[in-house]
Amino acid sequence: MNLDYLIQLTLSGMTRGSIYALIALGYTMVYGIIQLINFAHGEIYMIGAFTALIIATVLNMTGMPGVAVFIIAMIIAVVYSSAYGVTMEAMAYKPVRRAQRLSALISAIGMSFFLQNYVLLAQTSDFLSFPKLIPQFAFLEGARNFLTSTQIIIFAVTAVVMVALTILIKFTKIGKAMRATAQDKTMALLVGININQVIAVTFLIGSAMAAVGGVLISSHVGQINFYIGFLAGIKAFVAAVLGGIGSIPGAVLGSFVLGLTESFGAGYISSDYEDVFAFIILVLILIFRPAGLLGRAQSDKI
Amino acid sequence: MNNAVQELKKSLITSLWFMFLTFPIMVIKVNTVENIVNWRWSNMVFVGVLSFIISYFWRGMLRKKERGDKLFDLSRFMPAKLRDLDLRETLSDKKIARPVLAVLLVAALVFPFAAGMYQTSIMTTALMYIILGLGLNIVIGLGGMLHLGYAAFYAVGAYTYAILHRDFGIGFWVALPLGAILAMLFGMLLGFPVLRLKGDYLAIVTLGFAEIVRIVLENWNDFSSGPSGIANIPRPSFFGMKLSLPNATIYIYMITLALVLFTIFVVRRLENSRLGRAWEAMREDAIASESMGVNITTTKLTAFALGAFWAGMVGVIFAAKTTFVNPASFTLMESVLVLCIIVLGGMGSTTGVIVGALIIVLLPEYLRAFSEYRMLLYGAVLVMMMVFRPNGIIQKVRKRHTFDIKEASSGGSNE
Amino acid sequence: MLKLESVSTYYGNIQALKEVSLSINEGEIVALIGANGAGKSTTLMSICGVTPPRKGRVLFEGEDITHLSSEKIVALGINQVPEGRRIFPYLTVRENLDMGAFLRKSKTEVQRDLEYVFELFPRLAERRHQQGGTLSGGEQQMLAISRALMSRPKLLLLDEPSLGLAPILVQQIFKIIRQINRDNNTTIFLVEQNANLALKTAHKGYVMETGRVTLYDTAENLLNNEEVKKAYLGGA
Amino acid sequence: MSNTVLNVENLTMNFGGLRAVDDVSLSIKKNEIVALIGPNGAGKTTFFNCVTGVYAPTEGKITITPPEKSSEVINGLKPHKITEKGLARTFQNIRLFQNMTVLENIMIGRHCRLKSGILGAIFRSPATREEEEKLIHESYAILKKIGIERYVNDLAKNLPYGAQRLLEIARALATDPFLLLLDEPAAGMNPNETRDLVDLILRLRENEDVTIFLIEHDMSLVMTLSERIYVVDYGQLIAQGTPDVIKQDKRVIKAYLGEEVHA
Amino acid sequence: NGQGEDTVKIGVAGAHSGDLASYGLPSVKAAELVVEDWNAKGGVLGKQIELVIEDDQCKPEVATNTAAKLVGEQVVGVIGHICSGATKSALGIYKDSNIPVISPSATNPPLTKSGDYPNFFRTIAPDDAQAKLDVDFAVDTLGLTKIAVLHDKGDYGKGFADFAKEYLDQRSNVEVVVYEGIQVGAVDYSAIINKVAASGAEAIIYGGYHPEASKLVGQMRTRGMDTIFISDDGVKDDTFIKVAQDAAEGVYASGPVDTTSNPLAVKATEDHQKKFGEDPGAFFLNAYAATQALLNAIEKAGSTEYDAIVNALRSEYVETPLGNISFDEKGDAIGVGFSVYQVQNGVYVELK
């Protein structure tokens, strides 16, 4: 079809990709450091979105300007999601760190059930509408068919977060400690790294990013309920694996590949099989690159 | 004394932390439509008190666990003689084990007649999950491959019966082996491309495969009737007779029970065979076992296919018991539940799978008493079981091939 | 400087160390030899707090460090080159060295020490941007020692530094051990399977068997001890 | 040439840009004991991995001639196939089945010489039962040959290190090989244990009719045991010959042995 | 069947946890409100009414256990289940145990049309009826010729969409330019929206529920697309307007006749507000009506016997928030007329 259509699909694929990336980054960081598929990561994202919605609605009534509300709600959501992430780690994962690997996975699944139902009971099962805080930017008027202001914000924030994270991991002391802990925990201890603290920080950062994702998506989509974390979590997990689980750039690349595949699949073929395309791409990529796009081939030296 | 004060202080801090943590979600309730805010301060008090108490006991239990003590020391209530008995050892003594098993079996046989239809029905579900658990255990516990798409094979079995009955009027007993075999073929089909993947990569691909199966069932109307599913699948007939509902319920229970025994029998034999050893070696060290002449591809594939076999079989029972199938029954959550069963029960252990299935299936049913809090508690229980018993409830005692040196000349034993 | 008093360490229910007592003076090289599985590595890990002892005390410069966490012990100046080298495989040589200096504050001192280890091992200077995992066995061993030196240890624990190395590298490594001890007055506690070389390098030695210290003497005496000869030196 | 059991021609193995083995040719005759030595990272283990099918070599030709059989090229075959054909190996970093008993480790070694399948397992046919029974006896006999039968029912991980090394050899022997490839069999052993190992290897050659190809850094072992030595450095063959020749070789001394030559 | 005890037990079954809880929980609240009312007035047949509330998570396999449980509890009738799938699997059990079932939301046509389930009733229109109404409206009233049909891949949404497509295909000068399912819960729908835009469709007929509908409409309108949006009674819910806000303006949806002004509906909603502090959710009124119909039938029958209740359900009319209703031979509600609504100035206005 025509070029406009192609651009539209690309942009919509990138929107999805950016959002998956924000969630997938947390997944991949946690996985990288303790090899845990954190099933409850999606719930942290959901809690971030809920917290933001609650705060934004309360603040909105005070007549504060929308953008200010948005920023404050975002900050509080980030604080709370991080707090949940760290608490969850301390309660449900730390005690099973030395047990077989699947125990932590089951613990994560339990946590996911718990958090979903906690929000369901404490709040509501219904969809709540997220206040419209971001105005349609005037300069976008001409490009309305292609881009909305929330999409622009999603792109921008995702880019900033990604760059910040890369800098953090590559160049800061805590970043190096995270990488060292991921590669060899005993040795990390022996050079004087407090690995408990490092793992907690990993959860904190991962959860914070999930919260950012949660707030952005909710304002883009306009509504949330207690169950939104599940699907988002699965998708982000797929994206992280696609890119090579444990790899930060991989998570981003995987997310974009996934987002674009879904978008083109839906656009040019049929959205009936949107997820099928996503999974077929996944299988194909893994067959040719068994450690994902940017993952390190786990060639154990023999 | 000082210690106690310390403990209380810690609990207090935890309690304050949770009051902070739950503040927005527990306390504030917004009505986004009417823009009304409802401040529920009493919830905060509630959270504070509850987390204070829980935190106090939680830490106490953790300390016990660290020390390796039993969490609940029942032996205190037992007479001294019993206390000294090692349960596991006692039970591995054939003289004691046989009667115990016999009693359990009789209890299982009598159960549906003593209990009501509801109890029988959920117990049947539990039995079905025992088979699923044992089947998946072949793949995960024995084959060492993390498989998150088990529900797909389950779906294959269920749809085999549903469609064969819908289109050809084929009955339960014919569908039972067909469903199992078809699922097995599917297992092989999936197995080929993915077997060189490791660990979590395998997990995600199997997950993807299961989703593909489900989505195809959802979209392919002519074949599977799409999301609205296939209804009016008959329950198994008893020598051509249609049974009344309570009798049919008991009958399905008995069939499932028989299949559980059959599964246990087969799985045990497989475990203690040349193939079982190859699985174990492969799990321990794939490269070494390959270098010792074990064909990894076929060994993995058999694990995959045999695992799928049982899922297909239970799928047929599922269709017969529920009398209705639609794609919504075969989601990722279903695969995850079966995974929970084997990890919770204790990976690789048959008894563990049985206990795990009983917990995973019956717990939410018995938690019905807590009505809306049921799934919340279910999640919490899962977490707690893992935290306090991280390697599962029953730890696998593997049957070991040993060699009796005394009778070295006369013959080996394979106990 | 370091003193172990009746240290008992367990792995679950298995007791790996049974009332181990030993002491090391400042500036010494002390060797610990013993058969496989005797508990040598466990001794080092117990000192570092990775497998904290269940009973007994570990004293370092008079201070009880038995229940300190690893990072605090490292901060006091004890560092270990563990068995199997344990290079961070995906960090570069330079980053591996930085990790060694993880707890140090002064950038200029770290820089100075970096230059020192590069001088000690010019090979590492050449490879500073290579990933640790891709180094050869000998290079990894050099890196592991350098990484430990980067924390400026007062006490350096070495666990089988010669394992699996080509003969030429074995000689080199022992030369360097002596050099470090001489140049920096670093106290060294050396675990070795190659008892011959170890005792030739050390001032005194301990012999360990199934979790217990069974013999203690000067290195020279041990080298001439008949039992030690028979058991560990391959003498007839 | 008639009694050559392994003949490798121009073997090359690349890992990405790294050439770990570079155009190496060598051959081994029946009942020889041959050593492969060289500095760390020279490509010795990689060479073994190529021969045993763990890696598919980038280039080159590997031919085996099992006793009383005709020669065949085994490039690119899977490890289990190669094992079936009669090559067996041990690993530099011990790779036992840690949580299985010593006996079971050996039973796995015999896996490829057994036949029973799924149905046999389920129905426990007399043939299967007989096979299993025989297997246990054979396995015990192998342990006895190596001299570690007293550990028969212990878990592999609970064995002393030296015994684990021996178990690796026993397990390899269980596959009925004609060529045994040992990767640093003496690593981590003390001098006494090493001496016993030398005796064992000599005994195996005599009694089991196997040819032995080994990698080792312990020069005392290499020099007493081997009849011929190949030396590699940076993936290339830099010398070959009898121990006496190698000891004197300037290049080998410079790259590998160092000045104070031991043994 | 529950007689001889001092209470009359009514089962309420549906999804009370999991992803579909939002469709199941409102029916619990509805039943509670109705029962509270009745109990305050002396109950039914002189006995107090007791609710037995059981979750089925909308899973057919759980639903059979739920049904067995309710049978064991000796309920005289059941309000539920919520999903057609779960309903179908549970119905076999209720049928054999002689228990009438009234669902507020299970819309799959065969539930009534097949005649397999004589004990089944519902207070909601089956998928095909609404599809016909919406297609007629789109083609005849609005005169549209190019239509995109979307659905949420669920049994309700897809069922509705299938019928809509079938009816559209029967029309000569109408073209279905897109027919596709969308992914429920997806974070972004711009791909499918672009596709609809590119296809030149004048309208979308959507089968599914309001959360997805409001996302679709919302994203369409922000992009400046003014494609007409027509949907089913899963969308004809005030929550839709409140969530979609401005974007909801102009949307058409079919639903039971004249509910907003019905005094009973107003009262039910107010009661809900009073008791739970929020507006009711999906199928609330349908469940309210179902409970009233059941209790009324018991009262009128003067007994809790199956035959008596079923007869009463078929013969007696009852005043409910959905109007004055009864049930036909197959179990579909009579008296719930359907009409098309449009959102005008933030409220659904019935188009006559």
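A, B, C, D and E label the chains in the order they appear, each numbered from 1.
Everything that follows uses one rule, which is that a residue touches a chain if its C-beta (ideal position, glycine included) is under 8 Å from a C-beta of that chain, and two chains touch if they have at least 3 such contacts.
Just so it is clear, the model here is predicted, and its values are computed rather than measured.
Engineer: Please report the minimal path length, in steps, between chain D and chain E on the chain touch graph.
Structural biologist: When the steps are counted carefully, the minimum from chain D to chain E is 2.
Engineer: Would you mind checking which pair of chains has the most C-beta pairs in contact?
Structural biologist: A-B
Engineer: Provide the C-alpha centroid distance between chain C and chain E, rounded to the nearest whole angstrom.
Structural biologist: Centre-to-centre distance between chain C and chain E: 74 Å.
Engineer: In whole angstrom, how far does the Cα centroid of chain B sit from the Cα centroid of chain D?
Structural biologist: 43
Engineer: Quick check: how many Å separate the C-alpha centres of chain C and chain D?
Structural biologist: Those two chain centres are 32 Å apart.
Engineer: For chain A and chain E, what's the span in angstrom between their mean Cα positions?
Structural biologist: Those two chain centres are 35 Å apart.
Engineer: By residue number and range, which residues of chain D touch two or more other chains?
Structural biologist: If we look for residues of chain D contacting two or more partner chains, we find 54, 91-92, 95.
Engineer: Among the residues of chain A, which are close enough to touch at least two other chains?
Structural biologist: Where chain A meets two or more other chains at a single residue, that happens at 117, 124, 128-129, 272, 275, 302.
Engineer: Check each residue of chain B and list the ones that touch at least two other chains.
Structural biologist: Touching at least two other chains: 29, 32-33, 219, 287, 372, 375.
Engineer: State the interface residues of chain A toward chain B in the complex, per the touch definition above.
Structural biologist: Going by the criterion above, the answer is residues 31, 35, 37, 47, 50-51, 53-55, 57-58, 60-61, 76, 80, 83-84, 87, 91-92, 95-96, 98-100, 102-107, 109-119, 121-124, 128-131, 234, 237-238, 241, 245, 272-273, 275-276, 278-280, 282-283, 286-287, 290-292, 298, 300, 302.
Engineer: Show which residues of chain D lie in contact with chain B when the two form their complex.
Structural biologist: 52, 54, 78-80, 83-84, 88-89, 91, 95-101, 103-104, 107-109, 111-114, 116-118, 120-122, 124, 128, 131-133, 136-137, 139-140, 149, 152-153, 171-172, 174-175
Engineer: Given the complex with chain D, which residues does chain B contribute to the contact?
Structural biologist: 266, 269-270, 272-278, 280-281, 284-285, 287-296, 302, 306, 398, 400-403, 405, 408, 411-412, 414
Engineer: For the complex, which residues does chain E have touching chain A?
Structural biologist: 17-19, 21-22, 25, 153, 180-188, 190-192, 194-195, 197-198, 210-211, 214-215, 218-219, 222-224, 239, 242-245, 278, 281-282
Engineer: Per the contact definition, I'd like the list of chain C residues that touch chain D in the complex.
Structural biologist: Checking each residue of chain C against chain D gives 35-37, 134-139, 160, 163-169, 171-172, 193, 195-196, 230-234.
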